[in-house]
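Shown next, in structure tokens, is the structure this report addresses.
Chain lettering (A, B, C and D) follows the sequence in which the chains are written, and residue indices restart at 1 in each chain.
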């Protein structure tokens, strides 16, 4: 279980002004390219409080550059619209009051056109500023914050994807956003193997020279008992076995809160509100279907199961006699995996894919891309954690309560955005992100 | 207090095929003309469960013609989209299942463009059908239902106005939809006079030859005690006196449910959610402002107060030592008033206007148009009430619980839609329609 | 359909001091006699916000005498506990702040023993005061208020009964409070007959010399169309036919709000929360059972159906092709009925009973006692209504919104408390009072 | 910072039949002695869903012995009442259905007297069974489960205390349950010192021979960075400084969920519902008061602050520039502390007490008793965690989501119930237990 070389395929930061502009433009452009198939009406909808309209994502990521860079650094910067600071601030109390989150879908203005104008306005100023500072040899004053803004926008690319998927799934017309070729017939995936890691002191967290979030440091030691981790993700086919075995009807398999969630949702009106299957699944006479951004598809047994909550992943694990990994267990194992070749947003598919039938035995697969993987680790500060200074300090630290860490990125994550030490976090009942899981177990 | 002649200004039904087509086209066209200043984004929003997106109104009124006329009468009629029957059915259980009302603002498709195509498709078929049936001398088979559909669309024109007003009012940008000239300075309105009606047997309800709703019949006798009714609507200036006198803080002035509403809303987060002023009012350093479809305006003391609930109208009445009229009292008095010259949607102003300073004394004013007037009458069946046959029987009768009757039409009602016997109905706490009130009192 | 003589069996007010003391003691004593079978624990429970603990009823009725009589009239009156004025004020804003209603079941102190001491303390002072004033020939200063207090306590006797029934029904042990002999076998009831009343001007409301509530006056004329009213109450057996015919599954039978109530409650967790049967019914292998204060009993098809809401009574009426009566229709017909021989709380049975099989044809039955009868009349002010002066003015008038009038008293009403003009009022969805109904219909 | 000897004052399990009976009787008797000052009414109330009526605690702890011991081991055991198994099962799905938790306060029967009879019935059988098995040399078959039942009852003793405190605090009469002498005047507490622990591998968890919960094992290694921990608990006086410095108004001090909790509760109706002070505090003209089981008392600045949530403890820590300890940090430090001399339920005071002014410097104080101490550790499985077999496996493991670990016991914990490895757990917003905190910080 050793690895001959450093894992590959992770992002490297831009250094020069030209690299920085290129990365900036590439990211900003990718966001807009993602929106190309959308109708104006699609940009406006908020289908639940957690979801933001695409229009809001487009504006909020722009507001981020305006607020954290232009307003402090661009000479005599004049905001395009003074109200935008209120409308598009997400949660930065240090910046000022915020427009009420659950009402983001209730404002028709600014229009989509005006939001694109806002983007163009800020982009022009940003490029100009980079050049200006570079000329003054002062690019360092903003370089890190620009890179943060780029990473921030990449996170919102993913949210925009998962949010529009939720929006479209509510619509009886079940529209297609991103066309995807027909699936190949299922032919089974390589068998699930247990990969062993020995007890000992390990190091966890980031300590390299590239961009990373404050919550990934400091790098620190953890003593691990020996454990085994699954060689691949759990598939739809495997999950259906759990369902067919009454997995959603046996309280002994569930955490107390999970079972309460199942019970409570069983009293909901609509089938899609029940907590008795992965989100976006629905049953037809021909079997299970699932809504995808390419429209409804039959559930492919070979694909990793996606849109399951922590409660469901945990219940499945108990049913099969295993458990989920901790984030440290996951991170240690990730040293044996590459991001390269992974299924990321770069390929514009936005759906997890089956593990290749010829994937080699004895190695760990599907660690990066496809689905975020639930871990048993509560999202909390690492030893020595220091939030960033200023308003950016609200980025991560203040969410360290009641959430669980997910690892590895998904089919909606850009490849150069992910890292082994990257910590995503959601609530145990959340399902609308591209969430799946792999197993772990103790070693006797 | 007698009237020399029949009140004038009320609608007359189209009889011939040409008249029918003209009225149909006029109504359908007026709806679309109302939407001209709207951006595509504006059509999509549902700012509270009672509100429907403009897009939905446009489609639902079209669905009404399709469902109740074309599908039964047009040879081999093929719906443009089979899902529309589910998406745009409002509440007709006899027609089939309905898309969940509070989620009307969560579907981006069909697009606005597709909805307009739907309208055009149905319009073409409707005109064609009228001609065909006329040629066969069979226009009578659909004439009444077409007129019902026209009146139905006129009701939705009003709802579309009040709904988009609610949508825009939520937006911190406070957009303007219908430009309106600056207000003239307030100069006071004619004094409030009491007009007396003697005790005796009166007749109430509709019995003429023109279109009317089932809930307006049968015409029947009511014995009335002598009463007096106010010569005009209560104004903003008068209502502000009530507010300044602590009207919203004195439980003795309120119905128990009304006071509970005030209390409960005092715990809401946003100022516009408090039940301590008319809807759309907000206070600035310069005094009270109100949001109108022409943007925010200072509250004009001469204008009739609008967007007040029954609870508020009732509390004001108790404060001033009077009461609200019953619907019979209102209808009897309406025999002395004309619709002609009233402030209706026809003038594209969508806001109540002050009573002219030279309005003659001893006569009743502002009965038709401006604001719907709250009455103390619970909305219930008249003696001998028979709901219409078939699904149209669900139009009115099934709402006869917990609602109160309002009379007289508003600035968002088309003039040819209103009648003295017309019964509108809303819940006692509702405020987002153009609702106001006049006073009445017993005679010793 | 004429009646040879005035209906009999209604209460007559006490006039002399001795009569007043006797009625006072009789009423206060009856309240306590009703509580004799209760355990201390039973006095404390509030099973839903509408329900008050028995302990609270005992104290609140005492507070009424203390507040409205002793504190104004008894020389140097000292309340037993100053906090009781806050704890046991129900809703009289003019008296001061009130302890939060839904938390009445959350305070264990004062204990039941202390509440009985409070009753004894106030009783002693009340009797003393009556004697004192009588000696001074000044009994008139309090006589009317004492009679109001007695009637108030009688109303709370009924509420105490319906509340403890609700409390006990929630308990899986289904305790018995008032033992009742086994039911006789069902043998059918006299057939339902239509009794006709002709069109014309009638007088409605109270105008006699005895006690009555402010909401019963002023007596006034109403013009009535001819109508027919049912000779007896609708029975369990008849109601079961409606249920068996899918009455709870057909939206066309229901008011829109009623159907929404059915739908909404179908998503509730417990069977007794569903809106698909009368309250307190439950199905066993042996058929329908109902919880009564004498424990669970098989549903007797001959008994009047009880614990149904307005929505259910209305739906049944529509199903059978009739309607419910208005309160005027009911009151006019009541002139042909006696209270004497009715099924009231006086007999300590607390359950409706079948109409005697030999009840004479052509006459109206079961008008007084057994069950309160739903009418279609919204609870609102009669012409010339004047609320009582002072805090007692909050007794009735402020509830005139969203409630419907019920008539005739029930098996939990004392006989001398009821009158033909008596107006009870509840919300359309309420079921926990002894509520039933009879039919009416228009005459062609 | 070394400790010369093993900490003392922790419980030792009973071994012989006599010891077992004695411990059983002592525990059962202590529960009942705690209830002596209660009135019957006090046993019935449930003031919020988290609270259970005292009556329920008395019965549930009895049900535990009946279900897990008597029904499996006592020859031909006959339950006193078959319904009790449903009524008094808390959450053991493996045992069967449970009576709905939020309705525990809605059932008046069984009465308190019947519950005590139930206790006596089970006690008699339990003592009999211990003797019988001892005679057969088979005491081992139940010994561990009896000890579990005893510990279970001790946990409910604490809950009964915190629940009745919540119940009484809701009552405007603010009753006294346990009389307590007047407080001595505040004279300040020893200064707060930082005690240092060095980085290294430590062992955490239980591995001794005495009773412990499944969640305390397995004992395992953790690598710790160097840290410092506070020598004593944070006091009321210190907490008031935080409040006076605007601690509840500065979002930068709060976790996002904590701030949302503050905001949301600021819209509640009653002062005691606001999240702007410790639970049970209220302000008077004379300053802060707090409700205690001995009635209201002025807030003593020397006492440890109690009834604060994790959110508040965390905000205070951030304000002062520190953080809370992890459970491992706490447990490591606890090796330097004794339980002996601590403030436990044994002294019948039920309120935290100030640290003695002569408490020696350089040592850690108040680790056991007084208040449960919040840690930053999410409640989750230790490596190698194995839930107990059978229904008892539901005791701990299924609650491992969204809760935080608290350590050390409180003034409502029996001394022989606590251990250094003991893990209590509650939600971050919970305040009604005796919860307080001490600080920790990283070492540079």
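Throughout what follows, contacts are C-beta pairs under 8 Å (C-beta built on N, C-alpha and C of every residue); 3 or more make two chains touch, one makes a residue touch a chain.
It should be emphasised that the depicted structure is a prediction, and the values quoted were computed from it without experimental measurement.
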item	value
A-C compared against C-D, more contacting pairs	C-D
Selected pair, out of A-C, B-D or A-D, that shares over half of its residue contact pairs with B-C	A-D
Centre-of-Cα separation between chain D and chain A, whole angstrom	38
Averaged-CA centre spacing for the pair chain C and chain A, given as whole angstrom	60
Interchain centroid distance [CA atoms averaged], chain C/chain D, Å	47
Multi-partner residues of chain B (at least 2 other chains)	269
Topology of the chain contact graph, where touching chains are joined (line, ring, star, complete, other)	complete
Touching residues (chain side chain C, partner chain D) in the complex	39-47, 55, 83, 86-87, 99-100, 103, 105-112, 167-168, 170-173, 175, 269-270
Chain D - residues contacting chain B, complex	267-269
Partner chain A, residues of chain D touching it in the complex	91, 93-94, 201, 220-223, 225, 251-252, 254-259, 310-311, 323, 376, 378, 380-381, 383-384, 394, 398-402, 428, 442
